[in-house]
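Each remark here refers to the structure printed beneath this line.
Think of it as A, B, C, D, E and F in the order they're written, each chain with its own count starting at 1.
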Amino acid sequence: MLLDLVVVVLMVCGLLLFLATTVGLLRFPDFYTRVHAAGKGDTLSTVLMLGGLIIYLLRDFNGETALTAVKLSLIVFFVFIASPTATHAIIDAGYESKVPYWTRRKGAGAGYDGPERRRQDRQI
Amino acid sequence: MDELFPFIIAKYNYWASLILLFIGLYGMIAKNNLMKKIIGMVIFQTAILLFYVSIGVKRGGTIPILEFGADHQPLLDATAYANPLPHVLMLTAIVVGVGTLGVALTILQKIQRVHGTIEEDEVLEDLRQ
Amino acid sequence: MKRLTLIILAACALIMLLAASDLPDWADPASPASSHLSPGFVEQAYEATHTPNVVTAVLADYRGYDTMFETVVVFLAALIIMIILRRTPHRRFCKILPHRPQRQGRDTVLKGAAQLIIPVMQVFALYVLGHGHYSPGGGFQGGVIFGASFILLALCYNLEFTINRFRERIVLLCCAGGALLYAGVGALCLAMGWNFLGYAALAGILGVSEAMARSHGILLVEVGVGITVMAVMVSIYYDLASGGDMREGL
Amino acid sequence: MIEQAPALIVIIPLLAALLLIPATPLGPRFAYGLLVTALAATLAAALATLNLVMVANEAVHYRMGDWLPPHGIELVIDHLSGVVLVLVSGCALLTAIYSRQSAEQDNPDRLNQYYALFALLVTGLLGMTATGDVFNLYVLLEISALSSYGLLARGRGPAYYATFKYLVVGTIGACFYLLGVGYIYIMTGSLNMADLAEILSRPELQESMSVKIGFTLIIIGVWIKMALFPLHAWMPNAYSKAGTTTACLVAPLMTKVSIYIMIRLMFSVFSVDYVFGVIPWHHLVSWLAVAAIVVGSLTALAQQDLRKMLAYIIVAEVGYMVGGAWLANEAGLTGAIYHILSDALMTLCLFMAVGAIIYRTGKSSAAAMEGLFAKMPITAAVFVLGWFSIIGIPPTCGFFSKWYLISGGIEAGHWAYVAALLFSSLINAVIFFRLIEIAYFGNFATHDGHHAAPARNEAPFTMLLPMVVTAALLIMVGLYTSEIITALVGKAIPPGL
Amino acid sequence: MEQFLIAIGVAILLLMLTSLYRVVRGPTVIDRILGVNVIGTKTAVLIIIIGTLSARVEMFIDIALAYALLNFITTIAAARFYQRQSQPVLPEVEEAEPAPSAPPTVEHPKTTGEGSHAA
Amino acid sequence: MAAVVTFCVMFAFWVVMSGKLDLFHLGMGVMASALVSWLSRDLLFSGHTKTLGGTLGEIGRFLRYAGWLFWQVVLANVHIAGLSLSPRAMERIDPRIIRFKTVLKTDFARFVLANSITLTPGTVTVRIQDDTFYVHAINPQAAGDLAGDAVGGPGEMERWVAWIFEGGKR
């Protein structure tokens, strides 16, 4: 019962983080800040959900489920390496190709760059 | 109308894949951009994959990998597993589709390099000269 | 013209959708597709081939002839892509692709990740290939993952680095070699006096029962499939990513 | 070993294709030798199989992997497929011998890979012919289609766009076929042709709308593959831009094997009663065939390029055979099957002759024919003989197949089809005389104004030999028409027609 | 508990569909790649949940791991492709400094020297 | 040396994945691990291992670091979740790119640092050009966190990473 509660808490936390990720992805003003939302929320929410599933599996503990749990934790480990790397690759590519940015400073710099920048981006 | 809805729900897999199929076919026939033609082709093939795979589903059937009972003997109850044949067929069809896609992309790359464009009318224009 | 196409296609779609009325319902256990051949496969496959994964058994044994040609299709795709893209450029027509330099000292993160992930990925690929009998997997899946590990290497380091590890000629040899292994196993069975691809013929060589011989035969051909698919993935990546001139990839 | 012959037909070219890749360092002569040897062995296996069939006087079954048919895949070779197997492997062997110079000329750098594609195309065609499983047929259809894309894209100049179009259309065709098989599979649960035929004969499936749609989709898919009239637009461009060897291999065989498949599916999977009794649109097909014949012939008349002209003639010939098969009588079907044989031989003959002309002159327009009789007398003779067969002049086999087709048309009372056949022969004769005029009386004056007899410049021996053999076969097959029909073609006619 | 897992799965699916907005809308290609990456990561979780529900999770782990790997490679490849397309071709001189339109740069207090390269 | 360690790790991974302990599958595992450790001999454990003891020490220190890092990840997520769900998000965002030079020598240590920066609150590594890091910070506070309290020296995280891979004191 207690384990069930832990599972529920973990998975709901994961879901909430994913919700935050999605909201951030839709709401943030420019590409770079969206990467923040997507890159971070994605990692931990995946990990939390997988953690919840691991505990759910381990409720009836035997050799087979233990092995399965170890395999699942390998996915967790993989996510920890892969997710920041993918985030970095994406933001590096965006930076290199001069994706328009958003900034609060100065009236002229605020908002997106002019339309010609975006048209240039479309061509790719 | 009352009959149509249960009918669609009961056979929604055919509806979904056929609609997808015709979207792909439309893209293949009507689009001017050759890349979009290829995308239409992929949609078309995917629709057929879905069509087949949906045949294999059996209510109450799990994936067709035999489960072992406590006595280490497999449970050989055919109704407990999905139909394996469509999966096998579609594995083949996927591979064929990927091969076709690769060849299509290659030829497209060559067209782009020879004619300088992947718009069909411009390619035809270039050929006429 | 486009509107005409749309109308014709919509009409065809409507006819075919309405004709779906005499198709069996979705997931109907009594439909002919689920009741004619499939019970036979599920019930006989384990006894005949010692392979719990029925899909693998059907794929590599009952319909092994199809799968052999499937491997050939993969090989064929690599061959065609190579023969079209790698031809000496046509003097008048083809433009030379623009050349972008490799970036130096920039890929620290990707290289670090690749160092960690690639070996693990390769073992995973071999695991998927070797355990096709017991879990979803087999030659195609394992080959794809193995090939993808080389693609990851090419993405994170660069194309030249990968080509130096895995040369184009060897890739092509692997493409043909895997399919040759498959067809060779089949031809071996034929030479042993059984029909083509009757792996039970291997029982004499391996010294096991016929069902086990079929199981090992399946593993052998899966290895062949895996080699071909792996090499083909790499070959297609080499050709398509560099436009056929092997100078630079993504 | 003889009972393994059906499997060997498919395996030998496959193994040859796979072995050609590691054999690259051994040089072009080895590759050529390997290909020719393998195809000769294939022809031997095909002849052995045909012999088996004729001795047993029934279909030979070969179980792949020793599995019983509805679960496993089997090869089924009866009289019809036996003939087509011999035809395909024979034509492939002749083309392989012929390819010595032109293949090396077209592919200086990648000859082994080119030959591997060649062998795989042959594998696909033979496998399609031999198989008894509808899904296996799809896989082999795609193998032959993919390798023909590769071969055609190797062609000259703007071949890429033509090949791309062929690829898109071909994929639509193959996918239609696959979808049709899906419909049939849903309704029957089987993929084996014999098993399907048994299940489909049940009365509740006869009227099923889904089976009808499946049949329609399958037939449309095969029609796209064979370039029947409204679906033919991809073909002439693709064939006329191809390399010489490619054209000789692809043009005669692809369409003929597709027609064989149509006949096989119509009568082995479905039945005569089903196709001509239940399917509501079977009357339309012969009109489609009439349109194909007329349009194909007229367009051929307008062409300047020799190979494009031949490609449009193939469009018309496809009309002959489809019309013959759908006339719903014995003479028509006999004519269609016999025409598969004779048409393959005569298109092969003509494409080879044109290839030799292109090889020597470098041109493919009708102007390349100038002074042909003086420059290349043997090639010219072969060309004339091939064209006689196309027109339908006895004793070439083209005459006899056309004879059967016309008598089938008369029997069915389908006068438009008969008229179209005669019209097409007339057009072919017109084209022939136009070409002969150029060849004989063409202006081969040199620039200084006086007539100089051009030097003799015959095609090389490896090109001449298969050409002469094909031309001889045209006459031989013509002379032995009645034997071939009673011993082989007649046995392939389904009962009830 | 099963209902709970189904609910979580459906919620994930809905959120994935919402993320699809970013894929459809863009505005730049790289935004779409980002959206696809997010969806792909969650797909792996969804596969495991489905496996748990059908009580055969050990079969689905392989699928999920393979999917996660391929999704990672896809993302990297797409990003690299996008990056490559915006790189200058060889005849031009390669830009040494980062893009002029990048966000404003402030020197970190601890680094010394190094001229500012702000836009 | 590196190949032996790689082989052991790969074989352990195989056994975990396979879960079948009969001779046939273990034999396949040995072959697979040997193949991979030959193919990828210069990938895993390349460049930054000297001895077995050194490797084990690195792994031990890394595990301690991982605990700290996980806490940082949680903080990062709470931070970003709060930011994106907050109604006044736009006012709290003030993105900028900061640049600094790292003291880390090996590529692998830089990789660990870069990924750690990406995982921690408010910062994403944008680019590494040799030893220069470009980091996108979502607001000035996050940039300040990265710097750590000791102005002029490396930030806290960088000190951790340096401690793992280059010994020295934390």
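Couple of notes before you dig in:
By our rule, a contact is a pair of C-beta atoms (placed from the backbone, for glycine too) under 8 Å apart; a residue touches a chain by one contact, two chains touch by 3 or more.
Quantities reported herein were computed from a predicted structural model and do not represent experimental measurements.
Comparing the centres of all chains, each the average of its CA atoms, the largest separation from chain F belongs to D.
Counting C-beta pairs in contact, the pair that comes out ahead of the other among B-E and C-E is C-E.
Between chain A and chain B the centroid-to-centroid distance comes to 30 Å (mean Cα coordinates, whole Å). Centre-to-centre, using mean CA coordinates, chain A is 8 Å away from chain E. Chain centres here are Cα averages; for chain A and chain D they lie 57 Å apart. Shared interface positions of chain D, defined as residues touching 2 or more other chains, are 135, 139, 142, 146, 149-150, 153, 185-186, 191. Each of the following residues of chain E touches two or more other chains: 58-59, 65, 69, 72, 76, 80, 87, 98, 102-104.
In chain C, 16, 20-21, 23, 31, 33-34, 37-38, 41, 63, 66, 70, 73, 76-77, 80, 84, 93, 109-110, 112-113, 116-117, 120, 124, 131, 134-136 are the positions where the chain touches two or more neighbouring chains simultaneously.
Residue ranges of chain A in contact with chain C, taken from their complex: 78, 81-82, 85, 88-89.
Interface residues of chain D, counted against chain C in their complex, comprise 4, 7, 11, 14-15, 18-19, 21-22, 62-67, 70-73, 109-110, 113-114, 116-117, 120, 123, 127, 133, 135-136, 139-140, 142-143, 146-147, 149-150, 153-154, 157, 183, 185-191, 199, 208-210, 212-213. Across the interface of their complex, chain C is touched by residues 58-59, 62-63, 65-66, 69-70, 72-73, 76-77, 80-81, 84, 87-90, 94 of chain E.
The part of chain B that touches chain C in the complex is made up of residues 7, 10-15, 18-19, 21-22, 25-26, 29-30, 54-61, 63-66, 68, 74, 76-79, 81, 83-88, 91-92, 95-96, 98-100, 102-103, 105-107, 109-110, 113-114, 116. Of all residues in chain B, only 62-63, 65, 67 touch chain E in the complex they form.
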